[in-house]
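Next up: some structures, all given as structure tokens.
What follows is chain A paired twice: with chain B in the first complex and chain C in the second.
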Partner chain A sequence: MSPLTLTRRRGLAAAGWLGPAARRLGAGVAVLWAAATAAYLALMLAPGDTIDVLIGDGLDTPERRAQIIAEWGLDRSPLQQYGDYLLRLLQGDLGHSYVLQRGVGEILASQIWPTVQLALTAATFGVLLALVLALATAGRRSWLGGLVGLSELAVVSVPPFLVGILLLAVFSFTLGWFPVSGDRGFVSLVLPGLALGLQIAGVLGQVLREGLERALEEPFAVTARSRGITEWRLVAGHALRHALLPAVTLTGWFTGALLGGAIIVEAVFGRPGLGQVTVGAVNSKDLPLVMAIVLISALAYVTASTIVDLAYLAIDPRLRRSR
Partner chain B sequence: MTTVAEIPGVEAVAPAPARRRYAFRVPAAVPLLFLAVAAVAAVAPGLLTGVDPLAADPLHALAGPSAEHWFGTDHLGRDVLSRVVHGAGHSLSIGAAAIGLAAGAGALLGVLAGLSPRYLDELLSRLFDVVATFPELLLALLVIAVTGPGTGNVILAIGIAQIPNYARVIRAQTFVVRRSGYVEQAVTFGLARPVLVARHVLPNVLGPLPVLATIGMGTAIIATSGLSFLGMGPQPPSPEWGSMLSEARDYLRVAWWAVLFPGLSVTLTVISLTLVGRRLQRRFEGRDR
Partner chain C sequence: MNRQVSKEKTVKLRWGALTLAGVLALAACGAESEAPTVAAGGDGGSLVWAVETQPITFNPHQWGQNKARLLVHNQFDALIARGGNGDFLPWLATSWQVSKDGLTYTFELRDDVTFHDGERFDAASVKANLDQLVSPGYNAAVSAIQLRNFDHAEVSAPYTLKVTLKAPDGLFLDFLSSPLAGQVSPKSLKNAKDLKAGGVDVVGTGPFILDRFTPGQEVHYRRNPNYDWPPAGAAHQGPAHLAEVTYRFLPEAAVRVGALTSGQVQVIEGVPATEIGLIKGDPELTLETSLNSGSAFSYYFNVSRPPFDDKRVREAFRDAVDVDAVLDSVYQGAAKRAWSVIGQGSPQFYDPSPENTFGNDPARANRLLDEAGWNERDPEGYRVKDGRRLTVRTISAAPFVRDRRDILAQAVQAAVKQSAGIDFQVKLVDQGTAQQAADENEYEIFENSRGDTDAGAALNLILPKGAAINRTRFESAELDRLLTDASATSDLAERKKLYAKVQKTVVTDEALLLPLYVPADQIAYGAGVTGITFEPVSGTPNSAYDVRIGT
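Let's turn to the complex of A and B:
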């Protein structure tokens, strides 16, 4: 092969990279823009005067009305208002909560850490549990596989808050191993993390096991078996890599499930965090805060799935060709 | 159930063995029977219990299961059995209404996207993508923040989040139908477009709806109970399973029955719906042997 063709091929490979990568970044930005617009539309479509909607259950004074008109530009044309709103978001200004009388960014920043801790713990539990269950049962049509399959069905059919309540009943009230509520270091993270992680393990475990079973039927598995490889090394060393691919595409769902689940789990366990803020904001009709939470969630979701998509492009060359 | 000899590699060579063949399968009658009871409870709760679900009896608050109160009583002395039975109406009707909304709007939008020119189809499809990617609960909370809590608003909140599930499938189905021989024939005979859509396209794209709706109803019931648990569903003292659980959580230490029975009701309903839905799906795809 001449050096010329080599560089040309490399150039082509790089170009094959750029297209899909740019498309995925663009799609991420589009989702963010759509989320911002949806939140804005919700505000505009809300029944009643926009000023009243923005005040929510907050104190209604002439000064605050003037402040809202100035901040949201309510005296200008709708199109200008929308443009200003997007511009403000681009500058990282999420606005004010007129119920709590604080900046929305400030509120979120002070409450985000417990939720991140919970989400990370749950993600770790969920992934580990799914891996262990899938590796232990894949390819074996035994009572164990049936049992795990049934319990996965049960786990995804139990409302997330009920899982939390049951864990509380068993491990806190009956056995007394863990604190009932509040935020007291890692011990108080175990049960909420488990409550949230079980949901993830239920879905992820199913996908992983189906992927493993599919991989174990492929020709490479036959070849490996004919060379006398142990079943365990075949599953863990060869089939798992194939099974991980479809599982990774679940990342978007995964992030959403963590975010949505955290709201409910925090309510069950009385933990501080974004979930409590969200419930409070919805109950007190604090729309600027709710809008900001929607945007932050969209940002988390888009960031996670874009990173995974790009990593995916790097791992699997087949995806670089346009779909 | 056939037994497969465990010879390494043989499965791989055999033509596409059915995956997920587990040792035990729940007989179809069990979930159907449970759903029938739940439906009776929803439509005519008086047939299953004669006790008023709202009648408080503070002297017998938090009493355990007994001959008089089979499922015990809650913190206000209300009969848990009666509340569970009456709660079925709330949970099932909200779930059904939300799915009705999602399936109806989804089918309309799906057919619209499937028959539209390319740019409009592309626009609608992207819209479905964005709504579908968004965490369902957050979307529902945004709707409730705007509309306030209550039964109708919960239906709206859950229904909107589920529209894309239906729209996407119906759109794909429409693509198949619009290229079929009978539609082309109808076009050749000069059938007016609205008549064509109503008589030939619509009836033929709706096939997958029952399966989707059955499984979707389970999801909707979970979402409903979650929103009620957070205090955004039917307002107290209405007996809704989610809000019953929310109240009972505070008395968990002394009264497990107030948590167990509404919890079991939600879970068994959702499992039954999922099982029936999966069986319908297998039947629909011709995979049931």
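Let's turn to the complex of A and C:
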């Protein structure tokens, strides 16, 4: 192969990236708008009047109602409120929380980093565990494989709430290795990260192992073995790439599992984060905060699925050329 | 060959697993060295206190969660304190006089008090607080209820304040002793970034200074070294014992208890009935319980629609339940049975005469229901009248369910079905749906308890015609008159007499409610902690002012 053809092929490869990437970004923006609208509609249609929620158990007089309506601008038509909402959103203004009496942007800014930290730790634990277990047991019908498969099924079936309490009971209350709560550096992330990551490890581990086993039976594996390659290099260097595609597809599900699980895990471990804010906001019908959280979750999903789509292109060059 | 290769692989993986275990062990060592240390000796040490509920706001004027009450008086002092039998004691106000007509209150204030930001506490700052409380859009509930009779305040000398009311109000002093009347620095009232949310920039005169709030995790206070104005009745004078105190938010009860038994926190608030045995069995731990003031946790019957428009059905529902047995099964003997709309936690106004006059009489319940016309049964065993099943619904908002009240409802549900064939449906919904059900009168039972320090304040919200949470929809001019009279006088004996009549009317004569239990606060703490007490009237945990740790 001459150097010239090589450069040309690289250039083509880069061009193959551009189109799909642009399409994905456009779709992402549309999804965000749809999410904002859906959140708005859902809250409009949810039972109970915003004014009632703001009054709570307090005195319900016409004067007080009028005051609340004026204070929060509730006298405008729903369409008008929706328009204002989108407009303010474009300017980066997420509004003011009804209940917590602070700016929504400020609340989220202070709570998002602990959740991101937790999610990343959980994802790392999950992926590492899944990789280790799958690589260790793929292609062997031993008792070890059966045991790992069974435990994967177990951790997928047990809710993270219970996993969290069990982990705490053993490693914090009894052994005293890890602190029970808080945001105190990596040490306090281990148990919540595990509680959240185990579920991912369970699902991902099964998918990976199955993929590996299928790949190891394909003709290319026989060819590679006949070339004298070690089994380890065959698994790690060749079969893994095949097994990764279905696993990467799961990343979208993963994002959801991490966001949903964080709500429970944060409460159990007394960690700051978006999870606890979400529960409070939904329960007290704190409209501006709920909408902002929906938007952030949508953003996380869109980002994750965009990365997944681009990752396909990176893993499987055939997809690049076909577009 | 294949076999050899896989052996090699296994060895490598074993090393991997060992490395992972090593990393975890290292992290664990880190945890041990970072475990909270209890500093003893001269500096008073630091204490970690795990609480169930994170406050929505740190501004005392906006306070509304009884579970967050214990935090308020760390940072803020009130004008008046309460004594053991409900009397009013001096605090930031050294004395006060009430004019004969009950319309003018003259307060003499301490002249040696400063706010955390250095501002001086005086009559002008008290006036600023009162004016702020009634300013539009600030706290509409307070200006419409507690301060509805407030007319104006005037500074007659630097440390003398004259307050004029529009009408006599027996609850005005109670308001001044509540967390809502915690004194905020006038500078904070003007300059705070988020005044309603409170925080480090909304300061008071209290024994502790809030210096760090991590939402979802904890709030941290350090000692106010200048503090020298505790309420009458405090166990010591001068600054607080503790150099710092951290309240950690742990909503899961099992986690709180685990954190205490493993020594990671020294005090916990909110001990579930299921864990009380564990705490009592541990000689290192102490458990203290205190009944809350206010109204008892009760099922209020909606008399505006069938079947509870018929008093016989209301009485039958009460007689169908063996409250003691139900409480025992749900709380394992840890709950105090209530007998009246006012709980035993408000001894000033509690009237014991309804005790043992109703309940646990299935024979009478069945007879009453037969008489009321519910004398047929459907195949499932429920009573039927004119083809309609005897169904009653309770609809409560999930965020307000505490103390395993959902489980309690299930126990009552089983009891009334078994002993009288009543179909009691328990619905747990979001706040909006619950509000809608209340507005549309689509419920038969309303569950509620209120933690007001003055039980009369609770009754004023529940019983009068058109009151904010009059969900029985019962109306009686006679009852309203009794309640108005009781609120207008500050003569405790007279009020007790009037409230006894109120209780007789609603509990005995009208059977408007089924009182279940008296809400209580539980605190458990480890060895070396002393000075944990409860507020005399409200029955909620006190601030950390008198708390000590170490030897």
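The rule we apply is simple: the second predicted complex is superposed on the first by the 257 of 323 C-alpha atoms of A that agree within 3 Å, B and C clash if a C-alpha of one lies under 4 Å from a C-alpha of the other, contacts with A are read in each partner's own complex, and residues count from 1 in each chain.
Here is the rule we use: contacts are C-beta pairs under 8 Å (C-beta built on N, C-alpha and C of every residue); 3 or more make two chains touch, one makes a residue touch a chain.
Just so it is clear, the structure is predicted and the values come from calculations on it, not from any experiment.
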So, after the overlay on chain A, do chain B and chain C clash or fit? They clash
- Task: Tell me which partner A:E218 touches in the superposition: chain B (first), chain C (second), both or neither.
- Result: first
- Query: Regarding the shared-chain residue A:V282, is it in contact with chain B (first), chain C (second), both, or neither?
  - Reply: both
**Request:** Check the residue A:I107 against both partner chains and state whether it touches chain B (first), chain C (second), both, or neither.
**Result:** second
Note to self: For A:G260 in the superposed arrangement: first (chain B), second (chain C), both or neither?
What the structure shows: first
Partner chain(s) touched by A:V268 [first = chain B, second = chain C, both, neither]: both
Item checked: Which superposed partner A:T303 touches (first chain B, second chain C, both, neither) -> neither
Task: Figure out whether A:T124 sits in contact with chain B (first) or chain C (second), or with both, or with neither.
output: neither
Inset, instruction - Please work out whether A:V290 is in contact with chain B alone, chain C alone, both, or neither, and reply first, second, both or neither. - result: first
Per the contact definition in the header, classify A:I165: touching chain B only (first), chain C only (second), both, or neither. both
Re chain C stretches 96-104, 402-410, 492-500 or 528-536: the one overlapping chain B is 402-410
The shared contact residues of chain A with chain B and chain C are 46-47, 53, 165, 168-169, 173, 231, 267-268, 282-283, 285
In the complex, the residues of chain C that touch chain A are 2, 5-6, 8-10, 12-13, 16-17, 20, 24, 27-28, 30-32, 34-35, 50, 54, 56-57, 62, 64, 136-137, 140-141, 144-145, 194, 196-197, 214-218, 248-252, 254-255, 258-259, 261-265, 397-399, 430-436, 439, 461, 468-469
In their shared complex, chain A is touched by residues of chain B numbered 4, 8-9, 11-13, 17, 19-24, 126-127, 130, 133-138, 141-149, 218, 222, 225-226, 229-232, 242, 245-246, 249, 252-253, 256, 259, 263, 266-267, 270-271, 274-275
Chain B partner, complex, touching residues on chain A are 30-31, 34-35, 38-39, 42-43, 45-47, 53, 141-143, 145-146, 149-150, 153-154, 156-162, 165-166, 168-169, 173, 210, 213-214, 216-219, 221-222, 225-226, 231, 252, 255-257, 259-260, 263-264, 267-268, 278-279, 281-283, 285-287, 290-291, 293-294, 297-298, 301, 305
As the complex stands, chain A meets chain C at residues 46-49, 52-53, 56-61, 64, 67-68, 71, 99-103, 107, 110-111, 114, 128, 132, 135-136, 140, 165, 168-169, 171-188, 190, 230-232, 235, 266-273, 276-277, 280, 282-285
